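Below are two complexes that have chain A in common, paired first with chain B and then with chain C.
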Partner chain A sequence: MSEKKSTKINLGGIGKLAPLIGLVLVILIFTALTGGKLLSVTNLQNMANQVMVTALVAIGAVFVYGVGNFDMSLGGAVLFSAVLGAMAAVRSGSIFVTLVVCILVSVAIALIKGIFSAYIEVPFFIFTIVLGSVISSIVLVIMGSETTVYLKDAVREIPTFNFTQMTIINVVFLAVYFLVCLFLFNYTPIGSKAKMMGGNKVSAKQSGINDKKMHVLTFVISAIGVALAAFILIIRTRTIGSQTAGSVGTDVLIALVVGGMPISGGPKSKISAGLVGALTVVVLNSGLTMVGLSTAWIQAIRGVVFIVVVLVSSFSYRGKLLPR
Partner chain B sequence: MAQELIFEAKNLTKHFGPTVALNGVDFKVYRGQITGLIGENGSGKSTITSIAAGMQPATSGEMTFLGKAHSPSTMIEGSKLGIGMIVQEQGTVSGITVAENIFAGEESRFRSGPFISKRKMNQEARKAMEDIGFTGVDPAAYIDTLDMQSRKLVEIAKVMYNKPEMLVVDETTTALSQHGREIIYGIMRKMKEDNKAVVFISHDLQELIDTCDTLTVLRDGDLITTLDRDQMDEDTIKKYMVGREMKGDYYRADYGTPVSEEVVLEVDKVTSGSGLLMNFSMKVHRGEILGIGGLSHCGMHELGKLMFGEDKLLTGKITHVPSGEAITSTQTAMKHGFGYVSKNRDTESLVLTATIQDNIISASYDKIAKGLVMTPKAVKEFVDEQVESLSIKCAGVGQDVQYLSGGNKQKVVFGKWIGRNCDILILDCPTRGVDIGVKAAMYQLIDQMRKAGKTIIMISEELPELLGMSDRLLILKDGALAGEFFRSETLDENHIIEVMI
Partner chain C sequence: MKKKVLSMMLAAAMVFSMAACGSDDAAGNDQGGDTRQEEPSGDEDQAPADEGGDTDIQEPAGDETPSDGAADITLDGSWPEETVKIGFVGYDQASEQQQAITAYFDYLCENFNMEIMYSEDLTDAQSELDFIGQCAAAGCKAVIGYYNEAKEQSAITCADYQMYYWGGFGGDEESVAAAVEGAGEYYLGGYTLGDAEYEAGRSMAKALAEQGCEKVVLCSGGAAMGVPMFVSRKQGFEDGVKEAVDGGATMEIVYEVEGWPGTDAFTAAQTSVMDMDIDAIASTFDVAMWFQLVMESGKADSLKLACIGEVSDTYYDFFNSGLVSVIVYDNEETCFGNAIPLILNAVSGTKLVDESGNGFLFPVERWTITTPEQYNSVYDLHDAGNWVVTAEDIANLVVAFNADATTDTFKDFYGSFTIDSVK
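And then the complex of A and B:
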């Protein structure tokens, strides 16, 4: 009996470690394929920058997906927040005002999503697809004839950070946001309620969980990550265009799935999925580019990886639900 | 009487990972007999029949059916060979008509050219339903317009249409009212008269004693014994099931205990959105066990949800009398110490993919969290207390609820509300699909809560438990009060049934 027990625990352990193993595998494979160039200093810096945006958005998205809201508008939210933030930067010249605008814009979008998912009975992911494209259109309207907002010359008051400074800002932002989310998700009722809602809405409601409030709250938590990502994009690149953050939406989705997050949310959701997944996706993107594949091929391969991970995770899920 | 064997399993074994669900069971079914199967949850009853029907393969062992080696790989194969199975869970497909449900997968029988003749299909469906004595449903109606019981009967019509040689009825009757049960009993008798075979699985001892020719008792995957008609009595069966002596009486024992006059909950001229409850009024007193009974569509289940603020009221008012506040949402109900155990445990009371721990704390965040913080220690203390006091059998509180037996699942639901220290508990079919051992524990628990001054509203479709537990019993019929009875040793079941129907 004790032997059987131990194998069971081991299996569970491997299941939990799978996303990390995936990350290590991706790193090993592409280090080999690129002859070590993947881990060169320049590329590490490059990847670190990309991880920031994906991770900030993906970590917050765990709350939203955890509740069971499939959100396709995250890329759009980053873009909108970054464009308005950049415009505010140009007008005001204040780094503080820029951050506040990023947060306000992103929270406003979150409130719209929250109210919609709480009160209007249309499949939520359809709404977010529409919202995503509406946001992109509004951005084009706002920017008018310009395609890019430049901070470069217009704003001398906002300093240009060198690499070391940027790294410190990145690490602090990511670490603080990750830890706050980890705390909220695992050590407060918010995370627990979110997971129960994702697992069974009826039961959550019958346990007295205020679902409407939770919808809005989880979107707002996610919005903070979106705002931080937008802010970092502004101060790092100093140019925000209508194509900024174009791949963030799909990157986040792939990140969550390869990070071990159940696509329909629920009790097995975890914050680490956002971070581990973001790392994996960024290494994958970078590796594929360095191997010399065209953008089109990279898209195709990302698609295949996504489907395979969803398939494998749903297999193990089905297996567990066999009747006894 | 010469007995002709129709189905035999030899040394049938089934493992689920490390769990042994069936341990080398020899099981025989004879023509012209109703063979009962009983055992606690997880004893292996459904495992045997689901292997025979082709739902899942056995780990080892042999089966013969109609004299041939039998190892169906799908349920469709099983049903073609002549094994029909009616299961507890809902098996109809929503969004299509009654007739389309009955003939799902066999539409090509009604082909005329490239089209399917709906008319022929509906005619044949009507016939299939009439054959089992189920009338009054339009085969062209969408299945979703039917209530749960009628959907079950549609499923039964579908199974019987294939004229099975052996029919498996797996805990189907718990979901049915008396009328639905009569239909099933009729089908089983007919099968028997036609020299076919029936395997009947149920938790209801009386029902098994009344209908079965032999009764096989399983416990923990082992076949314990097979009883003939003259050996069947409740105490003997219980003893074999549990493996130790059980007291015949497991409801509360006291009579004539005075009940407080103080009203804690008032339902005033309430009509439910579904229209099942019409202009209904009642008062609930502090510390009483108020039983509410009736046929399954009398409105009592809706009443339970309304009292917990789960559903919207069309008219009327439900008031928590001590505070004078109206119950308008689950939040207001819970603020005043209400708890609610739904009739539909798996779909409404539990998050199956979540752990025992997550489920037990899910109604008590306000009690566990200090400010915003919910420490692992506080959670563990809260959960351990419930697991211990309810003796929930599990590998650990981190285990997913879906792997627990029905009785243990229900204990988790109870734990969720007892942990909150509820003053008013609304229990809708609290012992549904729960085996005798757990049932007895539940009744003791309910009685303890009564003694501790809690108010309990017990809604149930089982008259014996209502009679055995209630201080006062309200019988509902067609959404209105049909009778009120007070606790007494002489209260007679038949008298109540008359009021019910």
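And then the complex of A and C:
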């Protein structure tokens, strides 16, 4: 009996550390395979730029997923925020206005999602799929014949950031947002309430948690990550089109799962999942590319690695929580 | 527990073995050895006009010896000494055009010491810039912007990584100027089709009019959504019809199918078109989605299809049977292959520049194929493993091979090709 118990504990322990072990392993393997080039200064900057959008959105999404809301409209939210932010940049020529518009738009979308989640009895997962589609359509209508917004058309020149400056901006944004989210999720009632709601909604409500307020609040926190990602996209690419952020929704989902986040939310949710998962994906992509594999091989190996990491990660929660 | 550990070990073994196989596969690019064409590749039609008089580029290029004044180099895949890795920014690996370009670049990689690193299917500026970063990490010396959403930002990003960038931004001169300013010496330039999107639509209409088509259905692709390329093509087609009518022909667009295949609306429109009394379907993009419907409706003998597409297996039978009667074609060698001599010159220290010392835009013609003979001339050439622009032709444009190669000879060479120059 006791032997069985210790086996379970060990598996749980492996599961908890699996995402981090996976990340370290991926780094070590590809550092060796690339002769250390993976960790060259240029490539580190490169990876910092690549991880940015996925990581920012994924970190914020931990709040939403933690509560038990499965949000498939994150890519659409980034797109909408980026398009309106870029349009504001072109009309105003101000980088500050751009940031404000990005935040306002993504918070507005978050409020819509939060209200739907809290007050309207529809399957939220379906709602977000439809919302993502509606947002894409609205973007096409707003953009009209201009399928792409270019910052070079701004009434005043928007500052251009070189590679190093962009890396610094990215790292600062990511570090600040990560630390704020880490604090909120781990050291304030917001995090514990979110995890309780994700674990058992009925119990959470009966214990006095205002679930409606929590739904809205988690979406708003997530919206800040979405807004920052949209802003970074605008100043980095200086080009926003109707296909922008098209893969963000899927990337975030993969990053969260690879990072060890139970998609059903609950007490096993952790902020680090967003960052660790996004980093793993980027390091894996970068490493596979540097090794010189064709895109077909990269896709195949990436898929297998994800499955392995998810399998190992799931040891910690599989069978304990039913997916919703 | 044992099963779990075993499954993990098996999965890990699978990952490592796949990585190992992939490495071998990637490294196997040099196995082709010397695959030079035996026949001289250039003929009088294919050779560029001799305007500069300062180069032997118009000479038949089958000669294996280098030109006067050039180093003693052969096309056996050993030059340059260091492998030139080149990133290729694409958006659809399954597209016939990208596959044709890939085949052409594979051939060139057997003759020059270079490797092409292809992107996954990219859809936005961010993934484009991310891929450029990966190219830098992988040691690429240059990037070919086949897909370009970020416009000059791609060139500037390449310059940040000290990589050369090739791309004409669809002929957008403003972006070219910005790339020249932002990327400086790292911007190589690219081709422009000029007003080719409009002309593609117009020449399709004119060709159909000449073939006696009176009632035409137009598939306008993204025109209704305001996609500039499709708006231009549609406008060109409509103007071509007007010109034909003004010239005495009887021709009208009886119906317009908007959007793309794969939607219910498109399928419904296709079905209704098959019930119409029409002579032709002109598509401002691919036309293969009509083949089955036309065949099943029994109209293969009475209907003609026109499109902006490729010379490929897909169209071979249908063009030769007369069902497809017009293809407006971006030849991969002339439109995209010109990136290679520009890159090889740049990485070997002799970048071709314009009079102001910068990368430049140069015109390349899009071909309108209207007869099976024209179609087959390109198809047969490719099918036999030959190319409109051979490795020898490219070597003639590289200063290391031909000391007389200049920007003018380069422009003249790529600007001179027409469908009739393919023999």
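Quick note on the criterion: the second predicted complex is superposed on the first by the 244 of 324 C-alpha atoms of A that agree within 3 Å, B and C clash if a C-alpha of one lies under 4 Å from a C-alpha of the other, contacts with A are read in each partner's own complex, and residues count from 1 in each chain.
In this text, contacts are C-beta pairs under 8 Å (C-beta built on N, C-alpha and C of every residue); 3 or more make two chains touch, one makes a residue touch a chain.
Note that the structure is predicted; figures quoted are calculated from it, not measured.
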> Of the two partner chains, chain B (first) and chain C (second), which one does A:Asn46 touch, if any: first, second, both, or neither?
Replying inline: second
> Of chain B and chain C, which one touches more residues of chain A?
Replying inline: C
> Which holds for A:Ser207: it touches chain B only (first), chain C only (second), both, or neither?
Replying inline: first
>> On the A-aligned overlay, A:Ser192 touches which partner chain: chain B = first, chain C = second, or both, or neither?
In response: first
>> Quick check on my understanding: which residues of chain A belong to both its chain B contact set and its chain C contact set?
In response: 7
>> For a test of understanding, state which residues of chain B touch chain A in their complex under the given definition.
In response: 16-19, 21, 42, 46-47, 50, 55-56, 308, 310, 330-331, 333-334, 340, 342, 347-355, 358-359, 361-363, 365-366, 368-369, 372-376, 395, 400, 402-403, 416
> Which residues, counting only chain A, touch chain C once they are in their complex?
Replying inline: 7, 11, 33, 37-38, 40, 42-43, 46-47, 49-50, 53, 140, 143-148, 150, 152, 160, 162-163, 233, 236-241, 243-247, 285-286, 288-295, 297-301, 304-305, 307-308, 311-312, 315
>> Under the stated contact criterion, what part of chain A meets chain B in this complex?
In response: 1, 4-5, 7-8, 187-189, 192-193, 195-196, 199-200, 202-210, 266-268, 320-324
> Hey, which residues of chain C end up touching chain A in the complex?
Replying inline: 1, 4, 7-8, 11-12, 14-15, 18-19, 21-23, 25-27, 93, 115, 117-120, 123-130, 133-139, 149-153, 156-157, 160-161, 174, 178, 182, 225-228, 231
